[in-house]
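First the structure, in the form of structure tokens, and then the observations on it.
The letters A, B, C and D name the chains in turn, as written, and every chain counts its residues from 1.
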Amino acid sequence: MDSFLRPLAAASMIFAGALASTAPASAQQAPIKIGVPTSIQLQVGRDTQNAAKLAAEEINAKGGVLGRKLEIVVADETENPEQGIAAIKKLTADDKVNVLIGGYTSGVTLAQLPHISSAKTIYIGVGAASPSITQKVKSDYDNYKYIFRAFPINAAHQARALVDFINGKLKGEMKLSKIAIVGENAKWVQDLVPILKKGATDGGTEVKMAEFFDTSTSDFSPLFAKVKDSGAQYLIVILSHASSDIFVKQWHDAQVPIPIGGIDVKSQDADFFTRVSGKANAETVGMFAIRAPLTPKTIPFWDEFVKRFGTAPVYTGIGAYDAVHIYADAVKRANSVEPDAVIKELEKTDHVGIAGKLVFDETHDVKTGPGLQNLLFVQWQKNGERVVVWPKEAATGAMIAPPWMSN
Amino acid sequence: MLQILIYGAVSSAIYAMLAVGFTLIFGVARILNLAHGSFYALGAYAAYVLTSLLKIPLFLAAPLAVLLVAGFGVVMERFLVRPLRQSQLAVLMITLAVSLAVEQALFLIFGSEYRNVPSFVAEKLSIGGVDISGQRLLALVAGVLVLLTLWLFIQRTRLGAAILAVSQDPEAAQYMGIPTNRIFSIVIAISAGTAALAGVLVSPFLTVQPTMGLLPMVKAFAIVIVGGLGSIPGSIIASLILGYSETIVAYLISTSWTELVSLVAVVITLMIRPSGILGRRAAF
Amino acid sequence: MRRISLIDIAGAIVLVAILALAPMFVSSNYLTGVLTVCAVYGIWASSWDFMSGLTGRENFGHSLFIGAGAYTAGFLATIWSTNPWLSLPTAVGVAIAFSLLVGFPTLRLRGPYFALAMLSASAILQRLCLIFWEYTGGEEGLYGLDPLIKSPLHYYWFVLAVLVVTVIVLTLLAQSHWGLLLRAIRGDEATCQAAGINVTFYKIASLMISAGFAGLGGALYAHYQLQVSPPLFSVVVSITVIIMVYVGGIGSIYGAAVAAILLTLLTEMLRGFGEYRLWIYTLTLMLILFFLPNGLIAPLWRRLTERLR
Amino acid sequence: MTDLLEVNGVTKRFGGLTAVKNATFTLKKGEFTGILGPNGAGKTTLFNILTGFMQPTTGTIHFNGELVRELAPYKIVNRGMARTFQLTRPFVGMNLLENVLVACMSPRASNDKDKEERASYLLAQVGLGGRDKEPVETLPYGDLRRLEIARALATRPDLLLLDEPFAGLGSGEIEQLAQLIRRLHREQNLTILLIEHKLREFMALVSRVIAMNFGEIIAVGPPEEIVKNEKVIEAYIGKTEDAHASA
């Protein structure tokens, strides 16, 4: 069920005001406006805004771009396509922004695409993972060349990373060769699961069951019972919009005798462990970045972010920070904010970002691989410590079993 | 099978706690209260504020939360619903407005973050090989106790008899000298209190979030239609039917079909027997 | 029901002229977009008012017809990729088919039961959309619809014209003997029966008309948004529409349309209040419920023009 | 004269209670008949069954030779049987003309070209002429009864069923209404069936009486005979309270 609030805000989104830099704008030149469409009521949305603001301030402190300051304008796209479209229209038609950086829900971003294309405004996605988003860039370049994705790696790449975790870590090291997959009914999951199933099966892992549930599901006990009955030894969970909190709490309280892990976006939050009173202990979460020397920029950014905003950034924050930088660089190189010129330069991006090197492929999608952005598997361990358990070369500790299974 | 039996019982008990209050206020005061889900949400948030922010121990915080919400219900009925009682649509709209206002207030005060209410019982229990968290069993036991208490209250006390009389014929009750308005206040307090108690008991294993009241509201609605608007035994029977059929559907088909169960039950009931299983008779 | 007078017609022409010309003075694509949504809501609200306002059967599931129309447009465009203009008549047809499907079992219900049955019916459709996500696109819905008219301004004028036609048609119907019968049904069904009136027929027929226009509005909305998603079926859409009619003055039709436009604009103007916006909206609603039980727009217009007629 | 209405063995039970027991009678065209009985004798239930508002438990009803049992009330009206209600039920929020106009929309009246004109004429016929635009809310009881009759007449009935038309009226009003009914009967050759529990109003109007008590028909005959019928006297006078009430 949806929030009562959404329809009342029929054609609208909450305009969070210009979170522009505190530095005085240069008098002669109008600022370059960066529109941020995101879900402002969620952590992913707050971090997107905060990180974009942080990046803009850094750039402005060094004199801005082409002598112009960067200004951030935010619009709430919620998790609802209608609101998402309204947000894009507001930013492009009313605020007349030069670039859009944001996004979270794949379905919302997909719904926004035709409106972005008709507004002829560059869009750099930092939240949505569906591969379909950048598909049209190649097939209909003239209309969709405006679309880029800087973050995260798309769902197909994520699925392959997850397959690597399943076949390498679970089957290879832990000898857990029977898994179950549960995921929410959402576009990016639909894109991800078939690849995941095939990859796991090809690698010799047995997929005992795969089931989808509604994002509004509030009782997972039947699901846990089914997983238990299926004989699976490990439960892969794929969710972003459904409640990770309920999922983990019910898993813990019923002491389900099967460890869980996967891509669980809300459990990437820094406060997730405390939010569920430590019940996330032993859950493994795929993360796009952590506080580790992934690149020279990772730890300084991480610490600055925590200092400024009191919380560790979630993935959209990392993406937004990088996206503002690569856009500013592209404008500098193009010596113009004209979309066509900037697009040409954006395509040449080779930027050392927070989570790895940022390079676009021919569909304007961020590339993955060694040295580039990657999915790291991180386990919540006692006292809320986060330990990297996979890939092997990045591991910072051993994987533990849930407390009720360890003896 | 045993799993279905146990988990179905838990769902049914929670649903019954929600539905009984909803049907009671309709049966007695003819108020179709769309703000019923807000009571549930407010109960959970009250428990959160009292335990996490004011650091009051849970066993004290829980009854306090229930009382606070019962008070809120009384105020709402007295000042917002009563003046508009002559129009059914106006009552629907005002209670809807209250639920919107509550949801929005929770958003403004607490944000959309999930909040955590501590469990009363941390232990896991095993019944015949079925694992179940202690908190769920507590919700089951509490639900049964609440229903029993309510039944005894209505059957055995003078006040209960008065409530019964008002529900059967408000005008006649008024001639007999029963202060109907005061009865309404008492009933809305009971109604809000039971919903809040459900919120307090359930929130440790579900999430506490501003929109949390909506789904329980829909469920209460469905149960009351199936059981018969205004009938307490009807709503208890319907809670069992829905609680169990949802659990069965979740186990045998898919969890994503469960939400459909209650809606289809409503439509079938309205088509075959619009007054519900035990409707159009006395309220009790 | 009060007959239309010259002053009403004059008022309507002035209002439509202001609405049509507004984007020329405030040249903003954004405003044009907002006004397009206003006009769509106007169609939804006046179509609700025709059936529920006149017969007194409060339909809490209007979103069923809205969503059916929108999804028809969505399926036609994304699966069969037909001529987009085909989606308007088809959406009307599908919405009417749904009105027959749900109307026969539900319209004999009285009191709150009809409202609840319709509400459940729309919620069922929303659930089905989520359950059969392989076909309906699930939570994200269908996207990739083509616009009917490329220019946003021209599309706005088109939707506004549809709204004007809708209001005229429904008002004429409401003022005809037909409308009289519907209001009689609101008063007392048994007496209508005793007067030899086939109550079921008139209720179904009026629900069909109401649904047809709602479905048309749904398709227009889909071609504006270029996507459709399950929230279109949600109870909240129905309730938003009912609030609009309530503010407009139940049974007046034109009041519903004007209130829909004003409330949609209001939600935009309140944006400056940030997160407090919905609070203000809700409080406004409460004040209207308390102090203006007959609504705002229609009674106000009657008051204003009383001396002039 | 032929049989317009033929009621055969009609019984209606509510749970354990039998409201109408084995009612059997006929009405001839142009006849003016009254059903007499104390309160609770089952008169209104019988009326509701005849007009389709209730279904009989057993028994058949033929109207104009056609079986009308199980037809919806409006269909029965459109076969030519119209009724009024004991508690008058005007359409509030409409004026007198509109109230009658609703019934002018029924299929039997579909040949009327100018429906407003006919509605206005009917109002005049029942003595409400020139008051077309008046709202119904302020109408006194007696006028409401006239309005009900006008509405029934709008459906061009062959048989008019009047449910206690005199209830709650003063003696002057009763006399005027009785005159109206008598005139309708005479001038339009209308078959009329009237319910009443007061004997006196009856005597001067009807040509035949069907007396009921406890759901059963206890006597049928012209009024002069009925007043002498022992069962009727027992039903009425046997209970002093009732006699009081009907006095």
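Please note the rule applied: a residue touches a chain if its C-beta (ideal position, glycine included) is under 8 Å from a C-beta of that chain, and two chains touch if they have at least 3 such contacts.
Quick caveat: nothing in here was measured; it's all calculated off a predicted structure.
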### Other chains in touch with both chain A and chain D
C
### Message
By mean C-alpha position, what chain is farthest away from chain C?
### Response
D
### Summary
Per CA centroids, the chain at the heart of the structure shown is C
### Task
Could you put a whole-Å number on the gap between the CA centroids of chain C and chain D?
43
#### Entry: Computed distance of Cα centres, chain D from chain B, in Å
49
#### Entry: Euclidean distance of C-alpha centroids - chain A vs chain B, Å
38
### Query
Distance from the CA centroid of chain B to that of chain C, rounded to the nearest Å?
33
### Message
Can you list every residue of chain A that touches 2 or more other chains, as numbers and ranges?
### Response
1-2, 4-5, 8, 185, 212, 214
#### Entry: Junction residues of chain D, two or more chains touched
none
### Summary
Residue ranges of chain C touching at least 2 other chains are 130, 239, 275, 278, 282
#### Entry: Pairs of chains in contact (touch as defined earlier), listed by label
A-B, A-C, B-C, C-D
### Query
Which chain C residues qualify as touching chain B in the complex?
58, 105-106, 109, 111-113, 115-117, 120-121, 123-124, 127-128, 130-131, 239, 242-243, 246, 275-276, 278-279, 282-283, 285-286, 289-290, 293
### Summary
Residue positions on chain B within touch of chain C in the complex are 32, 80, 83-84, 87-90, 92-94, 96-97, 100-101, 104-105, 107-108, 218, 221-222, 225, 229, 256-257, 259-260, 263-264, 266-267, 270-271, 274
### Message
Which stretch or stretches of chain D touch chain C in the complex?
### Response
51-53, 72-75, 77-78, 82-85, 89-94, 98, 101-103, 105-109, 115, 151-152, 154-155
### Query
Quick one: in the complex, what on chain B touches chain A?
3, 7, 11, 99-100, 103-104, 107, 111-114, 116, 118-119, 124, 131-133, 135-136, 204-207, 209-211, 214-215, 218, 247, 250-251, 254-256, 258-259
#### Entry: Contact set on chain C toward chain D in their complex
177, 180-181, 183-184, 187-188, 190-199
